[in-house]
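To start, I am sharing the structure in question, which I have written as structure tokens.
To keep things simple, chains are lettered A, B, C and D as they appear, and every chain counts its residues starting from 1.
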Amino acid sequence: MNRTKVAILGAGFITDIHIESYHRFIPEAEVVAVYARNPDKAKAFAEKYHIPQWYNDIDQLIAESGCEVVDICLPNYLHADATIRAAKAGKHIIIEKPLAVTLEEADEMIAVCRANNVKLMYAEELCFAPKYERARQLVNDGAVGDLFMLKQGEKHSGPHTDWFYDINFSGGGVIMDMGCHALGWFRWMLNNAKVTSVYATMDTVFHKERTKGEDNSVMIIEFENGVTAVAENSWAKHGGMDDRCEIYGTGGVIYADLFMGNAAVTYSREGYGYAMEKADTSKGWSFTIFEEAFNQGYPHELKHFIDCVRNDKTPLVTGEDGRAVLEIIYAAYASAGAGKKIALPFSAKVAKPIDLWLDHK
Amino acid sequence: MNRTKVAILGAGFITDIHIESYHRFIPEAEVVAVYARNPDKAKAFAEKYHIPQWYNDIDQLIAESGCEVVDICLPNYLHADATIRAAKAGKHIIIEKPLAVTLEEADEMIAVCRANNVKLMYAEELCFAPKYERARQLVNDGAVGDLFMLKQGEKHSGPHTDWFYDINFSGGGVIMDMGCHALGWFRWMLNNAKVTSVYATMDTVFHKERTKGEDNSVMIIEFENGVTAVAENSWAKHGGMDDRCEIYGTGGVIYADLFMGNAAVTYSREGYGYAMEKADTSKGWSFTIFEEAFNQGYPHELKHFIDCVRNDKTPLVTGEDGRAVLEIIYAAYASAGAGKKIALPFSAKVAKPIDLWLDHK
Amino acid sequence: MNRTKVAILGAGFITDIHIESYHRFIPEAEVVAVYARNPDKAKAFAEKYHIPQWYNDIDQLIAESGCEVVDICLPNYLHADATIRAAKAGKHIIIEKPLAVTLEEADEMIAVCRANNVKLMYAEELCFAPKYERARQLVNDGAVGDLFMLKQGEKHSGPHTDWFYDINFSGGGVIMDMGCHALGWFRWMLNNAKVTSVYATMDTVFHKERTKGEDNSVMIIEFENGVTAVAENSWAKHGGMDDRCEIYGTGGVIYADLFMGNAAVTYSREGYGYAMEKADTSKGWSFTIFEEAFNQGYPHELKHFIDCVRNDKTPLVTGEDGRAVLEIIYAAYASAGAGKKIALPFSAKVAKPIDLWLDHK
Amino acid sequence: MNRTKVAILGAGFITDIHIESYHRFIPEAEVVAVYARNPDKAKAFAEKYHIPQWYNDIDQLIAESGCEVVDICLPNYLHADATIRAAKAGKHIIIEKPLAVTLEEADEMIAVCRANNVKLMYAEELCFAPKYERARQLVNDGAVGDLFMLKQGEKHSGPHTDWFYDINFSGGGVIMDMGCHALGWFRWMLNNAKVTSVYATMDTVFHKERTKGEDNSVMIIEFENGVTAVAENSWAKHGGMDDRCEIYGTGGVIYADLFMGNAAVTYSREGYGYAMEKADTSKGWSFTIFEEAFNQGYPHELKHFIDCVRNDKTPLVTGEDGRAVLEIIYAAYASAGAGKKIALPFSAKVAKPIDLWLDHK
């Protein structure tokens, strides 16, 4: 079997998850190179995962690694630049959320990928998380009648890495980091139905010393098809990751919980190594997660993209979808700034989405 | 022991719960009379519960029954009239939610009670529900640090009684029926902190044929103390009653679920009599609730009011609290009509709260 | 109302629960006196709960307190003596589990109570715990068809009080302390069906330094009606009280969990005062119980007995039932000693039940 | 990549799961042939799964299919014969539980495999189920201190296929079908510690018309290391598959539930296609399982065996382990027949294990 050569940009938290997914579940792909700005970090990562090449220069990686796919796990503000460089070199691209910091970047990324005839997949793993996908199949089978409300939330106590808290690097707070998941998943559940309006409330309640970004938010999204969706996101929720959805239809309801709802339940007087993402402690009661990457859909997502590359298919979630999510995020920040719901389509010229809120606070 | 004499107005669903509470948990009270418009219903109810007197005329009950307390379990549109009649006759009053249909009614009810020196308790049982109260104590003990978000929702598939669906009798839909619980509970949790704004989205998704009232809604309430509260209410959620809260603080989180979170979990091939409020079926899996009135706080609530009457104390939840909830409801309907958050204090001259939405839909 | 006068013997953990039950839920009873061997403890307890009289002499309490009911919350080895003294003085008796240490004691207690024409209730609160009672009603309504298996377990990390660990005072380990609950409840569920055999395995796994009593056990009880019952009991289970049952029938199944299955779920970075019985910590995740006495059925149990006394009824659970439980316990210890199931009826002459195991270990 | 060629014997329920596992998760294996006694069934199965060859003659399959591995998913009574034929032809063997009907068969299977130098893996998927494996890692990391009790149970309402109910084909009832899982998993958790004794109770409570085999049982296994293990198994439990374990140590406890504890929770008025294994209905509330094969460990198990074959490793679970399980089963039936615990090692000459119970009932 001829394996598809993948180069990964980034060597942080999410990259570990991608590597695990490739190595355990996607033998048809081969991670041939890794990039990190810090050469020591790049080298250590490559050694840890037996990746043959490491780089601390993106252009050099693109030129020399022999990769066909670039998997971008970089901080938000580097997304557009890396995508454009890779696309111009004819590499297929899968990129972590959010697609970009600004709509202008998103538009350029999409355009350059199209012009260079490379695939651009927006890596929204919730569109592949098996419990959520099972729920979606039930909906499509009519199990809950006609949908009228969706809820999804992702919450924890805040990222470990510094750049997330610098809004110039991230473009915003928890909505940029985790709200994008809800928005991507709502559109996925609704076959990319049009959003008609967004309302959002947000605040910085826990990490005030560390960031101007919002660390707690609620968004209400109205869709043309009549469905209302509620996204809750927080960097101020303690006790580990929370990732849940609720699906309401005229014929029933589905509750799916990816973390507490899958976990073994453990009481340990002394504690143990690791309970789940962002759990502060494993002493006392804890919810012990297993197959964490698999249950969030990372292997399914990456395997799908490798299949798209190998068999020339269109990814199920594209740059356009990432762009649509970013537009909703813009509208959400604008809504919080204005105190009213914002109609879509929406656009604004800003250096970063969160300015639409901060400048009107 | 000299027992406090109570007359109950109404003989429907909620009256059963009040009677159970008096009979099992409040021996210091004695239900001496019941009123229902339909004399057969009044008589049957009195016989069923061994209540010595029944009436189909409120004035006559007030004049003749010898009651000291009137417990009002009537449809919304009769609240003000019954309260005023009882107050003028010197009776203490405990009244089911919502306090009234309009703010003008509410103001008059409060004024008349004050003028006649009778107590007026707004019967928000969630302020007494023992699991919720346990959670409130934890909050007050600092278990979760500083609150920043509260969520509460009450959902089922819709009332059994017709008048709820007639907005001229009810004043609105699920917000008038169940949203008031969330609003009353938020204020209770926050020591009646001032509300600064309300945003609401609502729709009629399931009972379109039956009512103009909203049957699904989300409200976001911002408080002066910085706390954001989210109320979800639905008459379109199947599978039985859902009554849950989530409490978020800078030092932790509390989840409390009054129905599924208390229930025995049952699988019955043939089904059985009753699983929980509004459960459509008990065949297959069901969540079997127990001590349903107690777990919702009805006995605690009524016992508290009888204690207020016997020992001349001020109720923990008053007509003013009911009026404050109604003001938020007005603002919620206005918000849904305007598509923006509405600042409080808020007032409007309308025949019924829902007009603030329907007239601007 | 003429209130029934109750004297309580004992001032420990379980007495607090009885007092709370009388004071909040049983106004028709009045606790007039408390006994503790230590006069300071008796006095402090009386003051804490506004009990008018305290004694450190049981005979004096019986003679002088004016009580009609004696509620015995003493260590196991004092049960028989206290019961017999109270019965001879014409007092009605409710006694905490287990009924006595030996079958001879049990027989004498029953005989003396009968001779003196006083009621003797065996206080098995699980026969009154509302969630379990709800489950029993479902069974009686046919919700799960014909029963074929019952399971019940009570587990925590061990009693706080020293005498439990001294088998001369307790008569045994966790089976004497908590296994009796399962056995009492099985008989209650099965309308006191005859037990045909018992098998038990047991060991001392955690408190080896502190006791010769078993701190972990499994009992399998076979009933004449074909039902098999499994009791699991432990003093070696960490993380707080566990009290669960499972009910299997040819038409369905019921799961009921009195602690984790009722609790609010809390994450507290700093911890808080109290989560549930025997929880070692409230830091991190905890299961926050509410209305703990009520949910275990103590108020219902004691109210029932007061009603029996006031209205001359036979208690639902009697000394004979306690004696039957003790007989099963004897057989369980004998089974563990013999490595085979033991047929009932069973009797043996021993100083304490656990000897039937220890002497054959 | 040179793929390992696998032939599957059997075309029933479990074969579907094996095929899904190979196709989705084990690209290094290739299913080249399937056998079923009924040629139509074999052909249909091969077509459904795009398997190139089908056979209704085992010898022919072995001789002609070119397989290196034979994966045996046949009824119990065919295990030994198929294994021996395959081994003699030099094929590596992975075999579904139980290893065989009799100890003599088991011994011969092991001997023939050894003589022919082929690998024999006993396919106990619970040794690979990811949630259980996560729990085992915690135990090994000391999260719960020293183990003293293990519990595991597997329960549903009975197999769909007829041969299970014929004890001449199956060798017994639910213990042969599902009790073997618990026994295999206990040994796995305890590093194959020696069993010192077994006690079992069993009965036929639900399928009396259909089988002489036990359909409900409890086994208590004592290990040399002092750990007590309790296995509960049932073909009489309604509402879908139940597969749970509880792990008790001196420093904590772990609860892991593979079905209800992983599922999405759904209410569907109309029902939908499939909720989980053996769920009778999906109307009303149901527990919707996802990635059912993966969560039970089938892909991990089969992938492990293919790795053993490709890289000449010894399987983690071998024929000897399957034989040890069968010995415990013998002892369990003998125990139920004798009403006492049976010491191991144990052997008996019987046509089928269940005779040890039935002949002494």
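Throughout what follows, a residue touches a chain if its C-beta (ideal position, glycine included) is under 8 Å from a C-beta of that chain, and two chains touch if they have at least 3 such contacts.
Remember, it's a predicted structure, so these values are computed and weren't measured experimentally.
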| item | value |
| --- | --- |
| Lowest number of touching-chain links that must be crossed from chain C to chain D | 1 |
| Between A-D and A-B, the pair joined by more C-beta contacts | A-D |
| Same or different residue numbers at the chain B/chain C copy interface, by half rule | same |
| Intercentroid distance (Cα basis), chain D paired with chain B, Å | 54 |
| Chain centre separation in whole Å, for chain D relative to chain A (CA means) | 39 |
| Residues of chain C engaged with two or more neighbouring chains | 238-239, 251-253, 267, 269 |
| Residues of chain C defined as touching chain A within the complex | 238-239, 267, 269, 280-281, 283-287 |
| Contact set on chain A toward chain B in their complex | 148-149, 197, 199, 201, 203, 205-206, 216, 218, 220, 222, 226, 228, 230, 232, 234, 236-239, 248, 250-253, 338-341 |
| Residues of chain B defined as touching chain C within the complex | 1, 25, 27-28, 130-131, 133-135, 138, 141-145, 251-256, 261-262, 264-273, 282, 288-291, 294 |
